[in-house]
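Going by the order they are written in, the chains are A, B and C; count residues from 1 in each one.
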């Protein structure tokens, strides 16, 4: 009697372990609301690439801003997330969450927008004007500074204020601000709405600059490397799909943002979907964060080596 | 200046709005200038309502009030009023309270101060001019109220049971003080009370009201010269007359429905 | 010592943080918070925007909004306290607007006033207006009717009555209302500033930046500063209250 019970329990344990191994692994995913930079994630979900790789992706959060997503990482609510280099690097440097950037999600895809009828024709005309940025230390903050410095201007000559991107278009239209810099689709939306025109965009400021990354919780990465690799394979496949099927990519973009076709089409045309991040670019960005005091006491090289881990993506690409 | 009250009538709707209760019915009397008249009657008979009408605080349903040949329909400075509880403004000192009536009349500061000082001397409270109301006793507060009323030089002073909340000895003292004031200033005083001893001690004429609705039941003249002896037989005789009248009125009340201020039956509790 | 309990809590907290029981990324240690505070003081956040400027910016908005609230609610409150008709007719408006949280007005405020001091002052005004109004009405209603009658008999005009009797008489209640209004205004301010501050100066704005660059130590240091200033303002009002109401 006793022997059968023991045997039965052992069998149950064995079976459940097998089931666990065989069943698709759960990944809690996060991304930013209406951010076309994260199109690869949406494509992978829509076309079933994650399922094909044997992983079960659950959307654990759709966030309004990078720092919010970092807070989710900090509270261990996310395993993998798409978000900007800015919040992920700043967060790791300031100790808010332990994450690794394992692939790029997109490059470029930001622009400075002024009112359609404004007299601002070049970056120097921004002197003394009010320009909205999505947040201090963001990539857009950096891009603006780079553009101002390239035009030989002192960034302090411009009145910079922080606003949420959705509110920027209204503020521009109502003459509350003279210009804004934000990520797609907001610049394209301003144009299709007939409110603004692009003054200068990413490729003209910093060609091929990194924008968003695929970040993974460090512990999850250590414990489930195979799952992460499977995820990245789906990510790469999605990137290729976007390149080869632009119209379907637009359809998926419309589906996940709810925006009109013209805006989505225009926005996607300005975004580069690459999955390789260039280490030097990341270093340049981190140096800027350090210089301005947004992060403290790190050694850039060592930090970037900790932050950026492209081993897997290099494996997959070959 | 004489005060004439002609055929006053006033009724109220009770809180349950179902009935109109007559408080004052057809009251007429005349008070010659400088007289001290007491008004007495059973509790809740409408004496206060009558006084408030004379002051202009309530409007009668019918009848008129005349001061000299001026008709009274709203509060006027010529008719002062002392309430049961002293109505001092708690945030002002004694002196500034006495000044109040002059202040709102636009009297300039120096004159105001002088007159207020004089009024305080009249009530013998000049040493307390910088005290706040919370720092002085009830009797003193009523004295301040008197000073406040007198400083605007009214012709008539209406007093609604002003000493009712004071203890016996203070009350007696205040009655004497009031008489001194009256003699010095010569104002016409109408003094409402339910205290018979007080009425006969103070008044020249005593108007006795019936129970509600108030009508004049009896008018007694007290010819006894002042200063009056509270214990004298003449005073006692007057007292007795009034006490008997009041007792008779109380009997009538019991057999009718009760006072409008009382709960009529248990279902209203 | 009166402050011993608070002190012990801080010490225990520091020990727990050092030993790792409280993870640093969830709740910074007291020492880190203090260091964050010194950075706010010396370097400013965003870098270059000093703490004094942030305090001044926020105080300007709050005092402006609360000031306008007092100036409008006082006369209206006295009128509504004195005339029951006014109460009857205006109460429906008051009771419909009052429950709406001031923050819900932010988008409309920005539409009407743009992004600047005026829109945040407006949101603060809405939060501060009702406590002052309601407390003024209650204060006037609590004045002994006899006092009012006596003042009228002594010759007070409506203007004198309002200014010399109703206003001082309702003052204890009014001051309570102002205290509450200032507290609500100060609390609302931080959230109001989250929506954008044109001048770049404001304590709520500072905290928002700390959140953007993920410095919880500075977020908490900022919160502590907001708390301390709020306490100081309330303390100041209580001292004024004791002076004004020394007659009680």
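Convention: contacts are C-beta pairs under 8 Å (C-beta built on N, C-alpha and C of every residue); 3 or more make two chains touch, one makes a residue touch a chain.
The structure displayed is predicted, hence computed values, not measured ones.
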| item | value |
| --- | --- |
| Contact distance in steps, from chain A to chain B | 2 |
| Central chain of the complex, centres being mean CA coordinates | C |
| Gap in Å, rounded to a whole number, between the CA centres of chain B and chain A | 86 |
| Centre-to-centre distance between chain C and chain B (centres being mean Cα positions), rounded to whole Å | 49 |
| For chain A paired with chain C, centre-to-centre distance based on mean C-alpha positions, whole Å | 38 |
| For the chain C and chain A complex, residues of the former touching the latter | 24-26, 43, 46-48, 110-111, 114-116, 195-198, 200, 205, 208-209, 211-216 |
| Complex contacts: residues of chain A adjacent to chain C | 65, 67, 70-71, 74-75, 87, 90-91, 94-97, 130, 135-138, 156, 159-164, 167, 171, 174, 176-177, 292-295 |
| Parts of chain C lying in touch with chain B, wherever the complex brings them together | 144, 146-147, 149-157, 160, 164-165, 168-169, 171, 245, 247-248 |
| Footprint of chain C on chain B - complex, ascending | 55-57, 75-77, 79-81, 83, 85, 87, 89-92, 100-101, 103-105, 132-134, 148-149, 152 |
